[in-house]
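Letters A, B and C name the chains as they come in the text, with residue numbers starting at 1 for each one.
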Amino acid sequence: MADEITAIFALSVLVGAVRIGVPLLLAAIGEMVVERSGILNLGIEGTLTFSAFGAFVAVEQTGSLVFGVVAGVLSGMLVSLVMAVLTVTFKVEQVVAGLALNLLGIGFAFYLLRAIFSESGTDVLSVETWDVVEIPLLSSIPWIGDIFFSQHWLAYVAFASLPLVWFGLNRTGFGLELRSVGDNPKAADLRGVSIAKVQYLALLFGGFMSGLAGSFLSIFSTGQFFPAIAGGRGWIALAIVIFGNWRPGRILIGSLFFGFLEAYQLTLQAQGSDLPLNLLLAMPYVLTIVALVVNRSRSNSPLHLGAPYLRGVR
Amino acid sequence: MELLGVHGVTTRFPGVVANDNVSLTIHRGTVHCLLGENGAGKSTLAETMYGVHRPDEGYLTLNGERLDLRSPKDSIAKGIGMVHQHFELVKPLATVENVALGTTGPGRLDLGKVRARLEELCEAYRIDLDLDTPVGGLPVGLQQWVEILKTMYLGVDLLILDEPTAALTPVGVERLFESIRRMRDDGLAVILISHKMHEVTGISDRVTVLRKGKVIDTVQTDSVQAADLVRMMVGRSVELSKATNHPPAGETKLSVTDLVAGEPSERGSLCGVSFDVGAGEIYGIAGVSGNGQDALFDTIVGVREPDGGTITIDDTDTAGMDPRTVSKLGVGSVPADRINQALLMDFNIDENIGLGRHGDRPFSIRGVLQRMAFRRRAEQAIEDYEIACPSASHITRTLSGGNLQKIVMARELEGQPDLIIVHQPTRGLDISAAENVRQRLIAERDRGAAIVLMSEDLDEVLSLSTRVGVMFDGKIVGEMHHDELDLDRIGAYMAGVLDTTDTHEVVV
Amino acid sequence: MTAVDTPPEAPDADADDENGDEKTGGRWRIERRLETSWYLEVGGVVLAMVAAILTSSILISAAGSDVLESFRALYRGGFGTRDAFVETLVQATPLIFTGLAAAFAFRAKIWNIGGEGQLYAGAMGAYWASRILGDSLPSIVLIPACFVLAMLMGAGWAGIAAVLRTRFGVNEIITTVMLNFIVLNVLSFLLNGVWQDPASFYAQTDRMSDAYQLPQLLSSGRLHLGFLIALATAALVWFVLARTSFGYEVRSIGANPRVAAYGGIVSNKIIIATLLISGAIAGLAGASELLGTQLRLQPGISSDFGFTGIIIALVARLRPAGVIVVAIAAGALRNGATTMQITTGVPAALVDVITGLALVFVLLAAVMVNYRIRRPQTDG
């Protein structure tokens, strides 16, 4: 039991927590913005997979890691654009559209993978990955330096994006419009706000962030692509948004906490611990449901989340 | 000085002429009331001035120049603002944010400027409002103010207020009127839509009375009496049809005592309703909508649990019973909204004919639907009520309003219920369909059923009812037998200037 | 998320407003069609399928393979031979169950996304029954016992979402999604612990005794009794929805909960019952897979059957008979994919793309059938 307790504070676990938390954080920030505009996007898993694939192929074909990130982001935005067309323009039920995109995102990625690399059926393809960027001075701080300042550059982007997104939502005119659309689209419409424009932009931003997260999975951490690469992270990102009650600060905490749970679990598994590790892995989902129940009276959930907006229909 | 002119405006909606050749002028520095019953065309007229509707005929002028409004955006640009009856506020956002919405660019939000202007406005109109509280947490009266501030902030010459007092307490109304007077003194034109007589006489300089889409007259407020306005509003056409034979009422079927539902400050709540209805009697409930009719209907039929008082059907206290149990006591009910209360529009006609009794014989035997029973009942109804439809298994959505209502009537009158509650039974129906419904009700009365008829159509209530109660602010404020009907009194009850259940009368 | 509770086409009671909308704006807008007809509906689905196939053809030829040959291989692998067809039905069996589970809940406009988790709960129930009962009893007792416990477990798992929705007002979409992952982890926990086959390195149970094996329907191939149970369930679901007063209430809640309330139908009761039934049907899928094909409980017992079931239900426009047809088509796709990949080199993943495209096009077709786009006359 002592091993299990020391592992909580093991440096490797904490470094791993941040590393695992970064793609969760990126995807969750994107999803939060999308949901704040009133769209419930269940298609994150598919978006992550497709963008991980896009990034991977770009690196494999061009050898450029920068192109890889660009391709990953564009792939993510492509998927979210389809979501926008279906749900905003054609008013398709958001839940259904999201599930369809999961299937399509993963299916397309897998199909194209096989179509492009058909000859290499046996050996696993891999590409080079981004190196860890150690921030001068800061990275030499004991512990903190290793945990927070010896990560991939995308991790710094993720952390930096939090205050930016907070600022965008709460301190800009567009943020005001976006929050209004998510809570009461009719009020926004009557004030001359274009609902469709706001929701398209929100979804594209969500695709952008998921695109970064997907790129992280393929060309930052593994250098590989396989159809199950997202491994449920899209769903965890969704859970984090709810667990974080649609607030950037709590979403950061949620991402790191859920990242920690997984890193901790992996370490314990390696140690051959007798603790019920799978129950540990179920925690994010249990906590999300608990958060839903506990927060229900002071929920920050957008009031019009999940419902299409049709003029003249309330 | 003329600000806005309305010239021969006619606005048609499918099947209705909402405004029929309406002309009037609005002057700067005046408060102009639009008075009329529900459906008289007040809101349509106001929304036309605000650019929501485009007139089919006629035109508007602003400062003498032709005005062509394509959308509210145009009207806002021309200095015309409107506060809608239903609030459209983003509840989690603060007042400053609600006001700023749509007025800023996409970039950095400078709420300081908005706040400064709002503080000026609040000061000028003596509004005590915390600009940073989420508006969802504000009392309804203040939410009304947020709506008004949203419009004022844009800078308006003409402010249209659609029933702004519906949600306000008497003190709140007085404060609002004070502010409106100040706006008038600042040179604004204010259009106030209302059907409350004391408000109209208390605040306005000029009144335009509308009835059935037409302008009856535009008058200086101080040149007329409230009673004259009521008569204009209700219409002289109402022939009190004492001719209809009213059989004497039998034993009491429904007795409602001190029924309470919702908070008194809430619009449409019940604040102690009492009346009773006997067999073979039609008890008409007149009144302007929004005075508690919906809540009264819902509590009697069992959809809503009352917060106090009793509902006695025969000898059973039914307050809080579910609709199915109430219906089984021999109660038929026709709700006001056919599409959202009475009929499943995507179901077939024959399926709708069994709604509510779908679990009982003959429609179900041991939980299994008897489709032939539905079919037979529907075919019978189609024949009896002359419902125009291709077949009993046709989808309900495609039928006209009159035929939809016939389906509801056929369903609810089946099995000869002892008590029938109907709410707005002829709203939106053409003349012959409406007449058909009324004849049915008379036939049911003659059979011995006790009937509660709630309607905003005063002609209908007065001509059918054995007794008439007038509902105002969640109470029955006056009651009359059919042979003592007095239009002036009814108008006064409806306008809220007379209350015989209170000891002191409100002075006009 | 309250909007899920309100009917999608509930215009405001204020008649002025409703009419007003007719005249607003000059932009293109989507409005509901008053009348739809079966040929529009069927035509829409057919058109959607054609579109899905055309799009897939482009993908195939882009990958440098022969389109016709690929589809021929796909067909051959799915329906071409007796053995292929039998295997297609085996593949379709769990999908019929999960499709029905989704369709039942969706009829009441309850978004049960938890079919996957309820399937696992059901499989766990069936296996649990076998641990309790051992193998001393005859199959005729053991197998029904497994199915009953599977249904109870599936229903119970969905029941959590039902309680959260009716008691706490928590939306069922999120809870059912979360419950999927919780049950998977609980299963892994059991498979790595008390339920693990001591003789195996893998996280799986020991093989259940032959007494639990569902009877085979044919002398060759793997088609088992589960298929017939699936068909019977479809018939039962159809009967309950179309021919019982309970089904009438389920459909009423889905059509317009407010009207249903005036008709004396208590929403919460129906919501709970609907979710329990939906979960029980998904639970049957778990039992059928476990006892019919695998006899060994392991995490891979479902290959996305629950999620695919949702798609099948939607493509089938929530009709039980349609679910059977679409599930068999999906089974054939899954089954034929292998043949296609071997003979023409077109990746098997194409079938997921086809399924996804079919769904998207069916959704769009439904929009076209139920709505029309028009531009209101503004000048005049």
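The rule is short, and it goes like this: contacts are C-beta pairs under 8 Å (C-beta built on N, C-alpha and C of every residue); 3 or more make two chains touch, one makes a residue touch a chain.
These numbers come from a predicted model, not from an experiment.
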item	value
Contact pairs, highest-scoring chain pair	A-C
Core chain by centroid distance, with centroids computed from Cα atoms only	C
For chain A paired with chain C, centre-to-centre distance based on mean C-alpha positions, whole Å	27
Distance from chain B to chain A - Cα centre to Cα centre, in angstrom	48
Cα-centroid distance, chain B relative to chain C, in whole angstrom	45
Chain C, residues touching no fewer than two other chains	10-12, 20, 24-25
Junction residues of chain A, two or more chains touched	303
Chain B to chain A touching residues, read off their complex	72-73, 76, 84, 88-93, 97-98, 100-109, 150
Residue ranges of chain C in contact with chain A within the complex	1-4, 6, 8-12, 17-18, 20-21, 24-25, 29-30, 59, 62-64, 111, 113, 164, 168-171, 173-175, 177-179, 181-182, 185-186, 188-189, 192-193, 307, 310-311, 314, 345-353, 355-357, 359-360, 363-364, 367, 371
Touching residues on chain B, where the partner in the complex is chain C	11, 13-14, 16, 18, 39, 43-44, 47, 52-54, 56, 70-71, 85-86, 301-303, 322-325, 327, 333, 335-337, 339-347, 351, 354-356, 358-359, 363-364, 367-369, 371, 395, 397-398, 427-428
Interface residues, chain A side, partner chain C - complex	40, 42, 82, 86, 90-93, 95-97, 99-104, 106-108, 110-111, 113-115, 118, 227, 232, 235, 238-239, 242, 276-279, 281-282, 284-286, 288-289, 292-293, 296, 301, 303-308, 310-314
Sites on chain C touched by chain B in the complex	7, 10-16, 19-20, 22-26, 34-35, 242-249, 251-252, 255-256, 258-264, 266, 378, 380
